[in-house]
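Here chain A shows up in two complexes: once beside chain B, once beside chain C.
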Partner chain A sequence: MITAHQGCMVPEEVYHKDPQVKEGMQFGDYVNNRASSAPTPLSSTSDDEEEEEEDEEAGVDSSSTTSSASPMPNSYDALEGGCYPDMLSSSASSPAPDPVPEPDPTPALTTSQSSKIAKPFGYGYPTLQPGYQNATPPLTSGAQPSNTVYPGFQQYAQQYPAVNQLSSSLGGLSLQSSPPPESLRPVNLTQERNILPPTPVWAPVPNLNLDLKKLNCSPDSFRCTLTNIPQTQALLNKAKLPLGLLLHPFRDLTQLPVITSNTIVRCRSCRTYINPFVSFIDQRRWKCNLCYRVNDVPEEFMYNPLTRSYGEPHKRPEVQNATVEFIASSDYMLRPPQPAVYLFVLDVSHNAVEAGYLKILCQSLLENLDKLPGDSRTRIGFITFDSTIHFYNLQEGLSQPQMLIVSDIDDVFLPTPDSLLVNLYESKELIKDLLNALPNMFTNTRETHSALGPALQAAFKLMSPTGGRVSVFQTQLPSLGAGLLQSREDPNQRSSTKVVQHLGPATDFYKKLALDCSGQQTAVDLFLLSSQYSDLASLACMSKYSAGCVYYYPSFHTTHNPSQAEKLQKDLKRYFTRKIGFEAVMRIRCTKGLSMHTFHGNFFVRSTDLLSLANINPDAGFAVQLSIEESLADTSLVCFQTALLYTSSKGERRIRVHTLCLPVVNSLADVYAGADVQAAICLLANMAVDRSISSSLSDARDALVNAVVDSLSAYGSTVPHLQHSGLMAPTSLRLFPLYVLALLKQKAFRTGTSTRLDDRVYAMCQIKCQPLVHLMKMIHPNLYRIDRLTDEGAVHVNDRVVPQPPLQKLSAEKLTREGALLMDCGSVFYIWIGKGCDNNFIEDVLGFPDFASIPQKMSHLPELGTLSSERARSFITWLKENRPLSPILHVVKDESPAKMEFFQHLIEDRTEAALSYYEFLLHIHQQICK
Partner chain B sequence: MEAVVFVFSLIDCCVLIFLSVYFIITLSDLECDYINARACCSKLNKWVIPELVGHTVVTALMLISLHWFIFLLNLPVATWNIYRFITVPSGNMGVFDPTEIHNRGQLKSHMKEAMIKLGFHLLCFFMYLYSMILALIND
Partner chain C sequence: MAFTFAAFCYMLSLVLCAALIFFAIWHIIAFDELRTDFKSPIDQCNPVHARERLRNIERICFLLRKLVLPEYSIHSLFCVMFLCAQEWLTLGLNVPLLFYHFWRYFHCPADSSELAYDPPAVMNADTLSYCQKEAWCKLAFYLLSFFYYLYCMIYTLVSS
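Let's look at the complex of A and B:
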């Protein structure tokens, strides 16, 4: 019996030994960590923990049964989370069970009576386990910083209990008499001066019943632009909001239930993985929530390894967690899992040697050689190139690395095919020798040409038998052989307001190469370290379509630009040690009636909904646009499921599955109430990048402005008795115009300000492949005042007190002469020091006696023992944690020339080329009134 | 002479019909996941130029042989073919680009285009057939 049921929870491997990263991940919490709090292997010691967990749930059971004597649900919609169950049906005795905002952790143990009794979706067995029905596990409110979506409601309920009782007795008819949710409250944008909230904006919580809310996928991994899905395409068109998903599927997680099971339970017709939102018709059958097919529950699934009990399929971890990982069997393999293979393709022309990146790279690789993810089969290889291509024979047994030069770049061949990629552990000494020698090998080179194309062809040939990761370091425009490029940038056009050309690739060479690589499960990551125009638009194709990533270090130089050098060093550390998945494919499924039509990110769409990802890394984000093909009138919930099948660096085939469940609504007001403005803006940014490449930049800018104008005017027409004195927006969309303005002033889309073409293209690449959290910081930086940090409202992260200063709006009016402000732009931090800044602060935090003695270039905060220094540093460290790109810090004095860099991020202010926020609002208002 | 022109046009038209059908079949294969985007696009791109040449030749032939009506009927389609061919961005792999074909409903529009062309060529086929018979009788 037991041997047949090997299902068990095994611990998620922790690839990142860096404790700081872990801390950050713990804080950036994970919704479903409760069920998986004991992910231990099937062993005798693990039983206790599992039982403990059971007890915890049982305790809640008993406590909540008492409070469940509540009225019967009175609205069908309320049951399934179609409308606003809290406001429709809750009586005065049970106030809104919305998650409480983070600073005020009051675990409201109120059962939402509506959700329990006849929930058609989920895993309830009313007749079998009445106790289970009332289980309301504790709201881990402290660990779940979520926004109060309808804070206004609670007061209302207390204020007018009679109205609510009346409405609950009227049941479904109560819609008119109930107050609108907070997210729908109209805001007059032109009159609201402080539109930016003082705390970071959290993702809106889908308006589901409490059970589903608790089970739903974390918004950090999976977000939808509309948390209330409109019923029909017509309704969506009316709302004028983009519909799409934002994914961060391979995010670093601290808690992840990993399931080893002989059979992975999937729907027989649509191949959906079993998930928390399926319904069990009886013990033996489950109904797929995507295609509604009824499937059998396999025998193995009846046994629950967590509780060691039989006949409780709804308590299996697959059905208790929206994010799970399966260890896949050989059915999910086309070939034996590949080993981790890393190939480095390095530019060693004069330009590269002059910039001096080789030293940093080799040093970093030497340090992290043992931390490269992989098993005993890990292989590694090196190719260097200038006008010729140099291979390195590192075969075990050689006394020193052997360099093989191929000068025939028109027809590249591999000199010794089997000893160029060598086992990391067998040839470690040779590899170390090479890495030590490499920085000095080319010091006297006079070769200025770069044969990147042929080197990539060689890399492809070398990698194609296995697949893996190719890291390309390039410092100039490729000038020889296949794939050579010409300079296309006209420096006089950098600040042109009209046409920005050459955003697309100049040649299809890199695209073809990327597709070839993708077909052989090889991803190409590009590190571009150049001081001059290098046509990133063309070069980036090699990464875009092979699921690689692009790093760009403008004006890189080891000695002249130390901050970039340090950034490279830190980025490389993350790059070498982060988790990696090989030969991956990702499929996104959604409920029948919805369809996906456009994908954004770095991958190749192999067939309609199958994304081919040669490599997957934890810093990759994706976006998908959706359309509603058929009316969703006969369902009240829709689900989205992403399944990422990959080979882990340990040679295991794994499937990571995320499932998101959202309610369907039929009124325009509800669609607006559920709008997720950050997700919408990220999706729009992705669409705008496509638009500017396929059409033109000005088209893309117009489309962005139109997106605001259309949605706000559509909203205006839904609210009949609105005073037409100002620009009205629902609370959920109140930041929409601000974010769009921020996008228009972003490097990728701005006009009129001098922007180098490569910088612009890089910003576009980042928009396409950054996950939402990081992208938002890039679009709208966070500004904090840090000269008066206090412990008020501070959070504790692993014994460190992290102050939480309020967000300031991005306007020069917040820059007081006496202050010091920190701006977090995602990949760069600025600390702006006012002229009249308190000398105590300058001395305690910066370590200089007064303002005048602060140097112009400063990129570190000294480790001083003072309280304010500790606070500032712990805050900055906390912000830096868990970023894909380690940010560089610039201390900007009020009068230094570098302050222009800082001021360009103050997006609410007027610049020569762009409107201020207020002017932008007026412009929108004008457009609406037209 | 006239008969020769129409016999040629008829043969050419048959080829174009076959091409359209081939396009439709290949695109629907892609839609149904029978082949991947890369294979589909490289198959189709191979036939873009033959299609363009084949159609332009007939159009030119009609102009030379002074069949104004048929020429004007063919002109928009020929122009569209040429326009589509010369507006392919330099970085794309041809009219059908595997990295783009699944985006923004491109597959559907390609499909629609192939369908319209099929209809058009069928119409032309009967027209040429009729004209050919007429020409043969007149001879």
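Let's look at the complex of A and C:
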């Protein structure tokens, strides 16, 4: 399951390794889903008619309701009945009766249903549990489950596994106190020199029993800052740790069970979706794990399409997987699902033409025009603007694109509202013509003004009827019309240690526009490619509240800054081809007693627990702060459920549900044992961004330091017998001070070092909307030594051997003159080459004879046939995979001026403006002892 | 029985206090409206409803913003009147709220003029519950002071 991580770029529909299947899955409507799920033995699709068929057959030989008595622990054999349309008839007419005799209580009703619903419903249900797979004997079509060898009696004994899980997890909890867990071992931070582990830090696994652990949601999608939830708010306050959730709900998944069924089973009072952590009271009733209401199991749910058996609701895919996707029925859409609509709003003023981004954009769009997610209804449109707004009539039938200029920017109107957003397939030739012509259309422009505000108003008008995605490309401060901005940055204040001003918006024009867009299900994505101050703090509002995303390319220029240009090209490719969900809403539910209060990310909160997301993309992350309102004493487990309802690019309404289950503890020690330091740091970073905008940057910095001081001193007071010679921390929190120091030296929060305002604001935007994995790399980069890569401990990914060098701490002491080091900062890679670096390495990997001949600017590793080159490249490629932003590579020589960029990431070292790690520890220690 | 300036002040404040009570009740209703979306969950997910809901939120926030200044100025007017009428006890009772209002009004984040009751900011469960509590406390305060002013008015009218 964890290896699923490797292939995250694959669209979610693709859950098979089989490349042939992938091709089909790209178009993932559910006929394809079925077709592709057929080859795997475990996947099953079923459809309504067939279901009835089974039911009726079962009805014939109705003998007993107690399926527990039927000898069928997990008969996956019954699945072969491929349920795609052509197979349907054969499987329906096949004489193989359901071996489990089941009564059909309402045959009349079901038949009437089957005649009413002509549309086939079914399950696209992929393989998920390797454990089961092993236990299942090879399948042959028509094999009788009764012939199968039983994998084990114990599975069979667990009629209602959820109940057993609950009780055994209780047992697990009480056991837990006997041996102190490793995560609680006190560490003396001031004496521990190498605090950073050589391998990447993994998310702590919640202390649940084995069954629940296996079922729990992947930490990549759903993480909590405390994997042991304290019982009361008082206990949480004592622990002084932030409590919250980190979400990456729309992550690209390689394996995702997709469920189509008439009735989506939900709790009647709190509307929770049925999940692996509910308990079945008996055959017919289940108890909601969030509000504890007892619900009936609907008739349809009693039938398990996976095993083709009746009366085993706990074996349904919904109850076996913490992450599932439902294809919603028509109840969930009161208007027909919207088509995919893409609008591009492009700056073509002199500045933009000079920077030359149009060429890259048009080229990239031309290449990916067919890969834009969508169906036959996909629509596309273009608006360009300088001091006037230009629309493009692309109505099919025209011989060439028609440009319409609107110069009245105070009162923008749409010249021909119907032909500006056109069907991608009907007008493809015109669109291609336009994209080929655009880069050269404005080459001689002398217009320097930019009327961004009016252009956005026009875009809003154009998008209002449908909703969709607006991509805005802007290269300077908007200087005309509504929403014009003035430069607010004082370059002399860049390295000020006191007050950093202008982190908030200068005008609420963009915020209001974003809210309007959000109401019309339109998201605005901003690409800011500027060399000068462009007031990102104000501009970013247009994306922040409309659930868009922000990309920033400082000092962008096609020829002067080729690495940025290449980055834009790669980012655009990802941007155009990644999955997209429209008119989405996300609701997070949690067990009674817990409540959510503050959300972080790009969205608009519509009612206190409902986030309105005009668009959702796989690179968006969210964070939620939690508080404990009522004591959780009478429960041993709490659950969180995220439900994301969206319209897929194919016009299907889908619901993706993630459920996370965590134990509740009542002692402070257990709370510390379960702390997830990475999640905590990401949540703190989000809170600090809010604080620096609403209050001030220095407040936010103080709050970060206080967070460490408070939690470590609270920990110190729980272990009285420890010698108070040094700064003690539990193992789970040993990286806490290091990460906080890293945050303080982050572009977003640093003071004293010269930081451009836009860079700072962009870093803040990224903190707010990046998912945890990417954010952690940004906060604390990974440093590897790459001049001595070996195959020791290497992993194999897609037939490639990827070496796994140990992590180095971020300190100049690791930069030996003889070495070459690679730093992975998320969106940038640096390769630092020491002066005395081995010539063999330079020749084999970089392709230059010696150190002196390496050029100052180098952003590629040549493809050399040597072993070390192959190792280095495969390692870097492996690191580059699964990034929302494609990283650029800089080769930094020890003596080059560019090395300052590299050195600023060495956060354990002292700089003029900031403490070293050791000094920081002493500072914390001093604060605690005070 | 004499109609003094103090008596006049109390009379006027009685009337205005009624207005403030009305404001407070309106605030409570408004925050409740913001907090809960009364539609069924499936309706809530409907894009058409989304638009209505958003408009609603914006309208409420707009009204809330409009009401800030009248409320604060009415209350400040009380304080000025009681100061002029030399009703020290009444003034003393009102001064804490006056300072609170000043703090609320001027303790806005930098850079923005309109951040009070800004839709994205106010739709935060923490902020909402704070505002709700604030509104309930004010309602209680205004109600009590209404009866206090009534008593004081009669007292001043009768005593002198």
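Keep in mind that, in the parts below, the second predicted complex is superposed on the first by the 754 of 930 C-alpha atoms of A that agree within 3 Å, B and C clash if a C-alpha of one lies under 4 Å from a C-alpha of the other, contacts with A are read in each partner's own complex, and residues count from 1 in each chain.
We take it that contacts are C-beta pairs under 8 Å (C-beta built on N, C-alpha and C of every residue); 3 or more make two chains touch, one makes a residue touch a chain.
Since the model is a prediction, treat every value here as computed from it, not as a measurement.
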Side-by-side fit of chain B and chain C on chain A, or clash: clash
Which superposed partner A:545 touches (first chain B, second chain C, both, neither): both
Most chain A residues touched (candidates chain B, chain C): C
Touching partner for A:407 - first (chain B), second (chain C), both, neither: neither
Partner chain(s) touched by A:492 [first = chain B, second = chain C, both, neither]: neither
First, second, both or neither for A:508, with chain B first and chain C second: both
First, second, both or neither for A:399, with chain B first and chain C second: neither
Partner chain(s) touched by A:467 [first = chain B, second = chain C, both, neither]: second
Touching partner for A:607 - first (chain B), second (chain C), both, neither: both
Interface residues of chain A shared between complexes with chain B and chain C: 504-506, 508, 511, 515, 519, 544-545, 597-599, 604-608, 610, 694
Touching residues on chain B, where the partner in the complex is chain A: 30-31, 33, 36-38, 89-93, 98-99, 101-105
Residues of chain A touching chain C in the complex: 271, 331-335, 338, 467, 501-506, 508, 511, 515, 518-521, 544-545, 583, 585, 587, 595-599, 604-610, 612, 645, 693-696
Contacting residues of chain A [partner chain B, same complex]: 504-508, 511-512, 515, 519, 537-538, 541, 544-545, 597-599, 604-608, 610, 690, 694
Touch list for chain C against partner chain A, complex: 34-37, 41-51, 53-55, 57-58, 109-112, 114, 118-120, 123-126, 128-129
